[in-house]
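Okay, so subunit A shows up in both of these, paired with subunit B first and subunit C after.
Up next is the complex of A and B:
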């Protein structure tokens, strides 16, 4: 698997779509997931999201994401089970009960988060970060400094992760045992290493700011970008589809 | 092109000046090599030339640094950057995008290079650095040497009047280092670009530079042609600068009174000088059976 939010090259339709269309589709898709509590509809959205992942050959990476989202959503699901006393009573609790509605709410939350996360995840992996930032500057008129801040943050994540790996390897060579004693011991040993990482991060960030400035960062305007991002028919179709899905979700919530 | 007068600089967090009493004139179109022991102030000198000092690193600045007639203290960093192209020591920090092509485009787009011209400039710079095949690669997947070539290519594409490079071949193999120096020399010769290179590989500097500047403890110890500077091999060694082995050998022979010709900067010079010393006929027989390394040994 590539690094965090690192572009995966390809020639699929998703790869070729306009970055703004991809982003808007993903955002509308996520909003749609949060506009309805209908489990069947959400399952259909999840299947659709998985189909999108399959279409661009990102199934393996998507399952990795789903695993991470599942862990997070499981915490929310457990909270919902104990705090949403609805439906047929299954287990009595001192402050209420766990009912069939509690289970349904928990499952709905997990499916909703999984479905909402996948298109956003795909957008970042099938779009070059510079295309994403340049297109939102050109098309959506987002100020360049904000787009640059975001793309730089993503750009530096693997750099800092490499730095941390290097620091840990250096400490391992000096006898620090990160691989014994479980996760708690590992975290305990890693905490002091955050200081040198922080120092090197600040230094690198400062150097990057200087590097950007000496290459004309302050001269950049909305029209500076060399690449153009025209909308093709399938970009428009994707956005229409996203709006239709949103409308369907609202209708289901209101009328069912 | 660059005129430094009585320049002294002390970083805000340091008590002692890092460079002091620097006086240096670099003519337009010249190729200048700067070298010296670690911590001698070489990088600080380059920061003064590209305007990073005083605009990014605060401190006590005395004297003046003029680049293409502009005072670096009075001219903004962005304006200076349109004249001076800089390659920093830490390549990872210099790279601001994730894809090779985007990195090449970044400066060109910002400086408003015509969109019709951009593609040709990118092609030329990538081809010059021998990395045209990396155009669509993710930068994180490149080796250190490839990143270094990319950083240089992205600055070459801007075609600045002055190029300031801080250890541009630190991560390159000998063949690639030679290629970079040949390319820089070509830019100086063909485009009239003023090239300033901080480098530890003195053999390359002495081969390509018009002027060699030796920095010692924040002061300029020598600033002259490579031949004149390398004549002081004993003094250079004392301040932590190694001469090329061929130079050291011939200087030793000169010291012993065996050789009294000009300073040899490389193996070829040394071979020629030895042929001269030994006599053509004797040398022809002997040299024919020796490799260059054996001659030096």
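Up next is the complex of A and C:
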């Protein structure tokens, strides 16, 4: 079973695309989502993002991600509802009111965050981390150290999540009841677990750094990678599409 | 306290079954070892025993009560679980706090807890003010074991307790486990080291591909070459030698070796069968026998250094 942000093998078009093209497309897609507040356009972007997920068989992972993003965006949405008094007045508050505009702003935020997040996360699910960092070094001329740091960070996320799961299980086996009480109780119980997680993280990171050093990490240059990452017609088409979407979002914001 | 598995099916992801109908019983006070290759389902079985995983089908009964009806904390009072990696378990800043952690989590009487911790600190030779994260791997494993032992659970489950330990640390950990068992604790252990299994377990359960393929008294199972081969397991070397002798000298070797119920007895039987004195050793011994002392079979323990360090057969 694959974990969070772990590469899922496949042969879909998204899997076969150039890693840099995927990354640029995802970044432009996210920027597009933040360039407009038009709810219809954002809904269309969300549908498009879901279609991309379906095309590479990542619907299960995408729904998992959407749930996590929803929780985060819900907090923002609630804040917006109570702090953005616009539109027709619905409920009066001591410091203002909740209006139709407040609700619209909240819904827009949720849809925007969901739509922006999906392609970014899909990029990691359909691209090997080594390909992503190598291509960024080769094509975008990013220094290898930075690309490696980024890819290592992402690589360690599922590792640390597994560690945390193991630590929670170990404490559950000692009688810690994570499944009872409210959120405050859960947080109280989780705090001591940060210590072993931190210790294991530092130990793992240190081991990884030493292992990289002894294998000549500092000798690595942009040209020392063997694999080439040529751009195909579809890669160019994807980037053109991303630019067109961005232009459309800007036009909608400016002219509507 | 008995542990009973009745036609247990279990999985982490509903699409990939890990256990496919496991049946066994561990009786009160027994020392049972689970053996099998990686992926056989041993660790999953252990997780079912302490309720970290619930069965998809079938029943796991602890003293007759299904684990599905028991809360985690109730199970933690009955079953102590030693994880393979002590760093998953250790979370406090001092050894003393670490040993008290279980009592606090289970909301037990703290006066009793303090007394128990004092006993355990003395027994294990810990410094209660030490930072657990600065201890060496073997001592951290001992601390993890101690934090289970201190709770006096009637059952302890050990998931590969000797992984990553050097020989002397293994001897220490296993000596403590043996003592617990002698005091009446039911011990269930997953172990890849067949010599540890042969030295300590009363009964062995062989798992392969999510099924129990054999179970019985340790030496009955270890002598069953067909089962071990089917489960991709290699018996201890002396057992292998004895099996070879059984083929070469069926009459003599079978009579002697077939009756051996410890590795020491088996070594004596092999020595006798090949006419080489009273003792052949092809292994280090994990059994806590004092140097020069005789064991139940009348075998004199090696003076100090195990055979493997003297250029022995292993």
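Following the convention adopted for this analysis, the second predicted complex is superposed on the first by the 225 of 256 C-alpha atoms of A that agree within 3 Å, B and C clash if a C-alpha of one lies under 4 Å from a C-alpha of the other, contacts with A are read in each partner's own complex, and residues count from 1 in each chain.
As a convention for this text, a residue touches a chain if its C-beta (ideal position, glycine included) is under 8 Å from a C-beta of that chain, and two chains touch if they have at least 3 such contacts.
The structure displayed is predicted, hence computed values, not measured ones.
Trainee: Of the partners subunit B and subunit C, which touch A:196 in the superposed model: first, second, both, neither?
Mentor: second
Trainee: Of the two partner chains, subunit B (first) and subunit C (second), which one does A:86 touch, if any: first, second, both, or neither?
Mentor: neither
Trainee: Quick check on the superposed pair: does A:176 touch subunit B, subunit C, both, or neither? Answer first, second, both or neither.
Mentor: Touch partner of A:176: subunit C, not subunit B.
Trainee: Please indicate which partner A:167 is in contact with in the superposed arrangement: first for subunit B, second for subunit C, both, or neither.
Mentor: second
Trainee: Of the two partners subunit B and subunit C, which one touches more residues belonging to subunit A?
Mentor: If we count touched residues of subunit A for both partners, the winner is B.
Trainee: A:226 contacts which: subunit B (first), subunit C (second), both, neither?
Mentor: first
Trainee: Counting only touches as set out at the top, which of subunit B and subunit C does A:38 meet: first, second, both, neither?
Mentor: It touches nothing on subunit B or subunit C.
Trainee: What is the contact status of A:55 with respect to subunit B (first) and subunit C (second): first, second, both, or neither?
Mentor: neither
Trainee: Could you pull out which residues of subunit A sit against subunit B in one structure and against subunit C in the other?
Mentor: In the superposed arrangement, which is not itself an observed complex, subunit A uses residues 203 for both subunit B and subunit C.
Trainee: Applying the document's contact rule, which stretches of subunit B touch subunit A when the two form their complex?
Mentor: Subunit B residues touching subunit A: 50-52, 56, 77-78, 81-82, 84, 86, 88, 90, 92-99, 102, 105-112, 115, 118, 136, 138, 140, 154, 158.
Trainee: With touch defined as at the start, can you tell me which subunit A residues reach subunit C in the complex?
Mentor: It is residues 1, 163, 166-167, 169-177, 179, 192-193, 195-196, 199-200, 203 of subunit A that touch subunit C.
Trainee: Flag every residue of subunit A that touches subunit B in the complex, lowest number first.
Mentor: Listed in rising order, the residues of subunit A that touch subunit B are 2-3, 6-7, 9, 128-130, 151-152, 154-155, 158-159, 203-204, 207-208, 210-220, 224-227.
Trainee: Enumerate the contact residues on subunit C facing subunit A in the complex.
Mentor: 12-13, 16, 47, 50, 52, 71-73, 76-77, 79-81, 83, 85, 87-93, 101-102, 105-106, 133, 147-148, 151
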